[in-house]
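To keep things simple, chains are lettered A, B, C and D as they appear, and every chain counts its residues starting from 1.
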């Protein structure tokens, strides 16, 4: 079968795409870390976590204002208020903001506040959203769908590039398998497979894949060792009280310690 | 774990929900068949197929005007023109129309023409779309996501019911597995599992699950035998020239023969 | 890729292989039913169940004397004593016996008593066992491995045919997926896929696939409708007291009623 | 659900089991590397590869004399002759030998020559083989089945411990998923999951998981970073001519370079 994608292909562009956001560059051989809570809960929370993760070396702050939730009865995020808190974080810490955009209706609003727009796993095949993202001038963080093949994932990116936005960061976050000891199965083999097929940077989200704190740290190290272009990790100042995903969020101290090893591992991998 | 859904649960409503569309009733023990091509291609095509499937006993005509496609370079459907052709089919044959609605932006338009609004697998977790569907007064055909658990699927339906639309028809269409001899693996065990958990009707789409004509017929019979509330089958007058999914579409003659056996099987299953 | 198997292929032999065991023929368009308990527990139990299933129309009695169990602490079967009880069943009811053979060490013993030797899912890639089965003159019931592709399954059969035993009945029994509402996901699409690739008969075991009584009946009907060459169903006179797999065993009355519909469905499918 | 295993559980034994083989210790926080070709082909080949991998820092030599092959027509290994070549490797290099044992029939023979007896994925549920391994005084390398849950894998180990052999090294080698860009999906989340549940050491085989050379190196680094107790890597002096699994075997030079980074990564992970 001939490759069905064009613009995302290594054939189309040999050199790695570099995507700069604040101090961070994705795709140039460095290893920027995105960190923060699953959901924005209040101003104090995000400022506190942002200071912690910045101090530990994170380059970008993440936090969800619009949350995709399996149940309509779960906390759905603070919406615009959450975006305002994220803007406050950027103002106070200087960290760029990555946050999820869930639909075309709220795209303009989220685009106004975010430095990186995340499209979640459940929306990887939301073609209207992909096209709208293709008309943005902000970088897009495109998570892999839970059951997406590599070809389908790259094709979803193609929808974005085809509209004119070439700044797409791919993000592996685990696939659905029969396994029950972790929430999803992190597919690290996809990192090199992406690099072979595409010039786009690819990062890893071990937090959603694992769903369990102890595994997150181990998988974050493994992600750094895999040759990925960065990692995204959930950190919460009070995981036990988190409104979502508490069990997988690292404590700030854990994150601080983990960052040292992540940097050290990347230094080894990066050497020729 | 306590069941996280409410309105869709058998606990909430003991009796099966009955959903009437034209002559067809979903959920009352009958077995309405929805048939038609994957995509609307032109007026002559849809009229021809509609006459064939009506003659064979189909109760509802299906055809896509807006097509979700993995590749941005594939045929994306005729859009509004396709809807007009579908309206013509209804006018000429009296068959109600089932067609996919892909996003909130085009919802009003599709809603105007369709008798059943289909939400596809890739959109099962498109929460904005689910909420919009919940505010429609048309029945919603909610396909199971390719990697969705039963609980996630029912929760997606809950989003619709929670907004006020109780007319949701669930549709099993195959899940993603390691198997390569069929496109997806049809999960017929889910039929009885749905019936145990929920009062909503559940139908089966063997065409997308199989992806191969010979398997479609076999799986359509199996669906009828499983106790499902109906089946949706792709039929094309010239499958070899179809703009999408030709290899899985039945020829009108095949469909005519298959319908006889489908009815006979359902008659056996329905008996106490 | 060229097909790697030879003897099992439809190319090698166009006509369906017919395998006669007692009154039953697998592969000739009829639909023999194999029924009995998961494990042989005592003489009275097997005689009672055998009379019930014979009366309902089953052609072959099944029961395990050697049981593969995930835990070393679970009931492992009665061994030779169980085989003697099975011989008693044959003597009293005239039904041929299908029973599992777990290893080369006990092959001679099981071969002496059984009319059909079953190789279980966990042993589908036990090559020594496959070769030994290939040197038997008894028919082999080869279950599909839980994660086996069609090609791997047919290749396992090839090991048997290559040694000289051409009487192999394939048995689909569900594959491992992310699904949790049933124990395994029954892959009925494999029935037509086998028939296209191979001349060997293929039957279905809905009991192990489902693991839940209500689903078993539904899936047994679906199996009959799929065009398979037979079905194997667990029946127990006191499922609530069964030493293994009680929750998936049908009561004799349920089986009796189910058999009527199974026969009626097969009669419809069989017509040209 | 109560844990069904006993002897392998962390509850039964708090302290990590240490298993010494030659210079290597599995489970004490070190990171022994097992390396060698998939199959033993001839004396010259194995001596050459063994010298290379020893020079690079491998502690144990691997090579298959009895090969489980999907097809009966594929190279099945040299059998006893292969074991003699492995003995020669040990004599010349001092490296202990790890090799697969496929059945009870050849167990005594393989046991005589091997220092570590490997039970392959396809045999994880070969209970006769597990029991025979439990009566050996040699360490057993127990690979995870392709579709085995953590509980099933640990239960397979329990069969061995229950017979008296407590020296079991678990080996993750990838699970079967829908993914096609690698042969199997390496499940690194299982490493910490094993460590939580069990005191047994767990190593990783990235070669079989990936099936593609470039991915193997990346996954070997990730394995070292995951906190596993070692890694097993295929190395071949002429991968392009290998009788099996050539595309996933590293060249000796690649392995030499990779070992430096593996050691450096482990040094970072090991630090408190």
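In this section, contacts are C-beta pairs under 8 Å (C-beta built on N, C-alpha and C of every residue); 3 or more make two chains touch, one makes a residue touch a chain.
This one's a predicted model, so the numbers in the text were calculated from it and none came from an experiment.
Visitor: According to the touch definition, list the chains common to the neighbour sets of subunit C and subunit D.
Guide: Under the touch definition, subunit C and subunit D have A, B as mutual neighbours.
Visitor: Taking contacts as defined above, which has more of them, A-D or B-D?
Guide: When B-D is set beside A-D, the one with more contacts is A-D.
Visitor: Provide the C-alpha centroid distance between subunit B and subunit D, rounded to the nearest whole angstrom.
Guide: Distance between chain centres, rounded to whole Å: 48 Å.
Visitor: Centroid from C-alpha atoms only, then distance subunit A to subunit B, rounded to Å. What do you get?
Guide: Going by mean C-alpha positions, subunit A sits 34 Å from subunit B.
Visitor: Using mean C-alpha positions as chain centres, tell me how far subunit A is from subunit D in Å, no decimals.
Guide: Centres of subunit A and subunit D (C-alpha means) sit 34 Å apart.
Visitor: List, in ascending order, every residue of subunit B touching at least 2 other chains.
Guide: 147, 176-178
Visitor: Which subunit C residues qualify as touching subunit A in the complex?
Guide: Against subunit A, subunit C makes touches at 176-178.
Visitor: Under the stated contact criterion, what part of subunit B meets subunit C in this complex?
Guide: Per the touch definition, subunit B meets subunit C at residues 147, 149-150, 175, 177-182, 185-193, 196, 209-210, 212, 214-215, 218-219, 221-227, 261, 264-265, 268-269, 271.
Visitor: Taking the touch rule as given, give the residues of subunit B at its contact with subunit A in the complex, in rising order.
Guide: The touching residues are 4-6, 68-73, 102-105, 122-123, 125-128, 145-147, 151-152, 155, 158-159, 162, 176.
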